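Take a look at the structures listed below.
Here chain A shows up in two complexes: once beside chain B, once beside chain C.
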Partner chain A sequence: MSDDQGLVLTSQRTDLIGRLRTTLARRTEGRALALLVVVAIGAWITEPVVFTSYDVTLGRIALIGLVALGLTAVILMGELDLSVASTLAVAGVVMASIDNLAIGILAALVVGLVIGAANAFFVVVVGINSFIATLGMLFFLRGLGFVLSDEQPVRLSNIEAGISFGKPLIGDFTPRMLIFIATFIAMQIFMTRVRVGREFYAVGGNRQAAYDAGIPVRRRIFTGFMISGIVAAGAGAINTLERTAADPTAGSTVLLSSFAAAIIGGILLTGGRGSVFGTLLGATSLGILQVALTLSAVQVDVQNIIIGFVLFVAVITDPNSLRAVVGSARSYLRARTAPQPQS
Partner chain B sequence: MSENLAGRSVTPTTSDGGDGQQTAVTAPTAEAGPPAQVGIEQRDFHLLAWLADRGIIVFTLALVLLAAAFVDGFASVDNITDVFNRAAPIGIVAVGMTFVVISANYLDLSVVAQVATAAVVLIGISNETNIPLAMLLALGIALVYGVVNGVAVGVFKANAVIVTLATTFMGLGILRWASGGSIYFGPEDSLIRSFGTTEIGPFPLSMIALIVIAIALHLVLTRTTFGFMVKSYGSNREATRLAGVNISLVVIGAFILSALGAMIGGFVLAAFSNTAVSAMSDGFDFEALAAIIVGGTSVFGGRGSVLRTLLGVVFVSVLTNIMVLSGLGFGYQQMAIGALIVVAVSVDALARRAAGI
Partner chain C sequence: MTGEPRTTRFRLFGLALLVLGALVLAACGDDDDDTAASDGGADSEAGDDSGAAEGGGDFDVFALLPQGNDQPYGTTYLPPMEAMADELGINLTITNSQYDADKQASECETAVAAEPDLIILWPAVGDTVRPCLEAAKDAGIPVTVTNSDVNPEDQDLTEAYSGPDTYGQGVASGELMCELAGGDEIGIIMINGLTGNSTAIDREAGFEDTINEQCPNVTILARQPGNWNKDESQIAASEMITAVGAENIQGVYAADDTMVAGAIDALKARDIDPSELIITSIGNTFLGNPLVVSGELDGTVFQSSSWDGEHAVTVAYEVLTNDPDERLVEFMPSVKVTADNADDPSVAPEW
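This part shows the complex of A and B:
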């Protein structure tokens, strides 16, 4: 980040407004910010409870955002990890199947790492497109979750731990929120201040250039998928603790909301652009939206329609898409108005 | 300002981004010319390439023979009819979706919502009014799905997986909200019911419908300009655009065909069970994709055929049937199909690399 700023400073634009404009032009969080403002104002007017009982809202944001934070690392490299939904379910089932809680949590996280490494193996070594590789894994792991659990919810043996896990730990913050905040801070530092994290942007921006610049692209992709896997597994462990049981069908709605959070947050699917903070904004606006809709007694089906619509709008309004539309509209108009070239 | 940005921009403009579009002032009337077959001739023998190309025929035959020999209850007329009955709706969905896969747009996840919607509309609306009206309404909905997905992917150049994920949730949400999640039962003496129960030998009518549709779509893919354009777009979208093809329309067309396939698949599914509920098509997206990929259509786009998908449907259905007969539950079936997708795509990818493509 600081290198980029230095470049700007040495070029023509040194005044404050100019710097502000260049900074803003690079950001991709605009849509998330706009949605957040609209949703927050709407919720403020219709359901002010969203903000007065902010712990509920925060809990929902943490639920949506945690998996999305892990996904951010993968999407920034221009890849996609659809298997997070099943990773969450399998990790939860593995954790609940082990009697010792600590070993269970550890095993769940290891499962996440292994799944991430397997995804990366197919993407990097075999050379499959990550959309298809992780889609296959999504289905495979969903089946694995059913097989391991006998298609039944698996009860956690240590129920007391689960019950205390759902209670506020520091102030009004439950452990889930604290873990979410800690993950956010860790990811934010990793992606903006740590060399490896910065190199993720290079890999996503231009893979060949990154490779030529000496960045170990394959290793970075492995790291990214393992981050996404372990975060999803952690989310699975948290779910299992809070519900004191692991549900093999968990995670079907996670897919929609976590991708929605990351994409609304401005993480471009082509890679290279976006920020962890954007994902936080996306998750926050979605969380407020969901809680407000639930408080207004809107059915889950209708909530899904709204969130699906928001995701749809977000994915067709990213800068690349808009440029494509403007470009084709312009060439269409030009083709109609320009004199026909002789054939 | 723009100089500033260009000077330090870390992200290069992607090739299919706007910059390419702005140069699209080539004569729009340019003829596509006789579309050349973009097949890759392979002289040397590569085991992987052979597997990716012809393997499915051998595997399907081997699977059917092994099942007939070793799995109790497989080789009976009742069971074969059952396999056909279950294969037909997925098959019809898969042959339609083949166009989306060949156009290098991965897949159409929203077929799950489309199949369920078509089934619920057919049974629910025909109970209230009559069958033609229900079918007309379902056709309208299918066109909406095809156009919405197609415009988002073809005009806005958005990612097909995310777009169709979004439309799936919107579509299922609308369906559940409109139907209240209730199950619709068709009358016992209706035309729909008799379509679902009529059998010619071991062939249910739905299987014959699948074969007819597959042949029709095969002709569309191999004998029409549109079919060539889909293949050409899947191989190289930039070259296709420069050749004067309206690539947005090609993508929209592929998604409309996928939507029509999903609609007919929904009709057939509804006729078979004579009931319709919003959750009846879970997993159709994956099973259809598995059939397409196992058949040898490449997810990298450009290569593939509808008849191959038909073979893939047979393979996936027989495999599922064997697992059911062997008492392996839902979880194992899902694992198998997930593994099948990954393995088949891996073979394809490795074969391409071995062949030096």
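This part shows the complex of A and C:
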């Protein structure tokens, strides 16, 4: 090999590594991936059952991740949807109240779409902050769920169908897992390959610039909330089928878990940064962590402390947060070490 | 221009170290429990911290509970349970679903995957546990139920039940109300437990059926959930007093002592003397018993958390060792507590 060829190869390798580094630096999933690797190794060492019974772990990931996937569409636009857990509960109650299973599922999904559209209406048309609008919706739906269910769990008319739904359909994969995977693929394609989905980033990144660029911002926000609503309603329908009953109190831990999955996945709550893949990584880390901690008999309070710690780590290792912390520390030290004027 | 990637690498490495540290801490916490257990299980504090008690015995048992040290009842339910498990040589793994049916279902899947000798189940929502019971049955794992029984149609999937007769507790509280009301026409307000919760539903049904049968002169004017919480119960009672008018209310029923304490505070806030009303409840707790002694609460029904926790394990042990042919049922005695016997050591409050 001549010196010239050697130089070219070295240069190509440097370019490749440089490009890889740049990609890694730009992607928001890096931290989520690192976290997942560490959590997976830790779980493998302490509780191998997490992986030998992978179907259980996948089930937990799907439980946390499905709502989080829908929520991602809203968060990427810099908005919040606090009503997802209540949507899940109401959709389940509506579904279980209808004797025909297919019509019940359809009705639940329609309920999710309507709730999403209502949330978007309050945010876009009325101009209420999404935190407040969806908080109001959360309370409204929670009450509605109790009224519709007569304050009691509503059992499915066809319990056997529900029990069958919870059993593996393909290999060890239950319908819940397959729906979760299908939703992930659909959302990933929508957010990366479809123009409407890509415009969500523009809406979240710089809303004024998105307006100026001719993006129909209001319509995109409507779409985002409706995606969140229908996915949450779908999760409600799945939960109702698997449990053979709809519980009006359902979803009490879903809201925080799904937000945690999105944040651990590197999604910026102010919008414009993050990805559906990141949410998947976040949900996977959280699912593995929860199953491992449950198997280790770690009390729920301690589990919450650990999950809170992981969430905290995920947030403070964000480059912007780190930069801000380092900047503040430097300013503080500079102020302390600067020569004081003599009186 | 290599500063940015290097910084990224540094951040990722730091992140990895931090998370690894957290996992090691969690694992260390678990090790402490193992150590305590191997020392004979005498160090109950370490066990309490992790929620797991290991007695180094012959049986591995998962206890799927909807509460733990986050609730007063769970706080006094767990230590006797863990102590009895140590005594009988049962390795307990305890979970807490915080009354989330989906979370408990997921914990059940985890428990079935771990292949224990038995599962003790305290249903978060009775109507939703059938798939969990079916999965355990398919895996050949017996299930016993504690505190709140499963629905009658699901009982053939379980081997035993121990705990309060929740319907019977409502009946006992209703009987107290009837006795105290005599033949007088009175109106009462009702504060129930968490909506949808099986204990809340059973107690409400037991109380209502009893007054309908034994004292139709008692009329329920309004009812609201207090969610097992004193503050929420106080708000609910206050709203109902406003809605039906204080002059129309001669009695209060609350599904537990925590909520009755909230209702009594709401009455006092309206300058209504609670001792002039007929007030009944369930629990005989540290909060309720002094109210009975002071005359503000006319009667309550004793529920022993230690009995409940201990019997969850003894009944499980019975199933594991004797494999009984029929479903075992052990009801906690529903002892009525009034001013006459509130000081009796046999009904001393536990939680």
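Operating definition for what follows: the second predicted complex is superposed on the first by the 309 of 343 C-alpha atoms of A that agree within 3 Å, B and C clash if a C-alpha of one lies under 4 Å from a C-alpha of the other, contacts with A are read in each partner's own complex, and residues count from 1 in each chain.
Keep in mind that, in the parts below, a contact is a pair of C-beta atoms (placed from the backbone, for glycine too) under 8 Å apart; a residue touches a chain by one contact, two chains touch by 3 or more.
Quick caveat: nothing in here was measured; it's all calculated off a predicted structure.
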item	value
First (chain B), second (chain C), both or neither touched by A:206	first
Touching partner for A:291 - first (chain B), second (chain C), both, neither	second
First, second, both or neither for A:309, with chain B first and chain C second	both
Residue contacts with chain A in the superposition, chain B compared against chain C	B
Partner chain in contact with A:80 - chain B first, chain C second, else both or neither	first
Partner chain(s) touched by A:35 [first = chain B, second = chain C, both, neither]	second
First, second, both or neither for A:301, with chain B first and chain C second	both
Touching partner for A:131 - first (chain B), second (chain C), both, neither	first
Partner chain(s) touched by A:171 [first = chain B, second = chain C, both, neither]	neither
Partner chain in contact with A:325 - chain B first, chain C second, else both or neither	first
Where chain A meets both chain C and chain B, residue numbers	21-22, 25, 146, 151, 248, 299, 301-302, 309, 322
Residue numbers on chain A that touch chain C, as the complex places them	21-22, 24-25, 30-31, 34-35, 37-39, 42, 46, 49, 53, 55-56, 59-60, 63, 146, 149, 151-153, 155, 159, 162-163, 166, 239, 242-245, 247-254, 291, 293-302, 306, 309-310, 313, 317, 319, 322
Touch list for chain A against partner chain B, complex	4, 7-8, 11-13, 21-22, 25-26, 80, 82, 122, 126-129, 131-133, 135-147, 151, 201-202, 205-206, 209, 248, 255-256, 259-260, 263, 269-270, 272-273, 299, 301-305, 307-309, 311-312, 315-316, 318, 320-328, 330-331, 334-335, 338, 340-341, 343
Touching residues on chain C, where the partner in the complex is chain A	4-5, 7-8, 11-12, 14-16, 18-20, 22-27, 29-30, 33, 49-52, 68-70, 92-96, 98-103, 105-107, 109-110, 112-114, 125-128, 130-131, 134-135, 194-197, 201, 225
Parts of chain B lying in touch with chain A, wherever the complex brings them together	1, 3-5, 7-8, 10-12, 14, 16-25, 27-29, 106-107, 152, 155-159, 161-163, 165-170, 172-174, 176-177, 181, 248, 286, 289, 293, 299-300, 329-342, 345-346, 349-350, 353
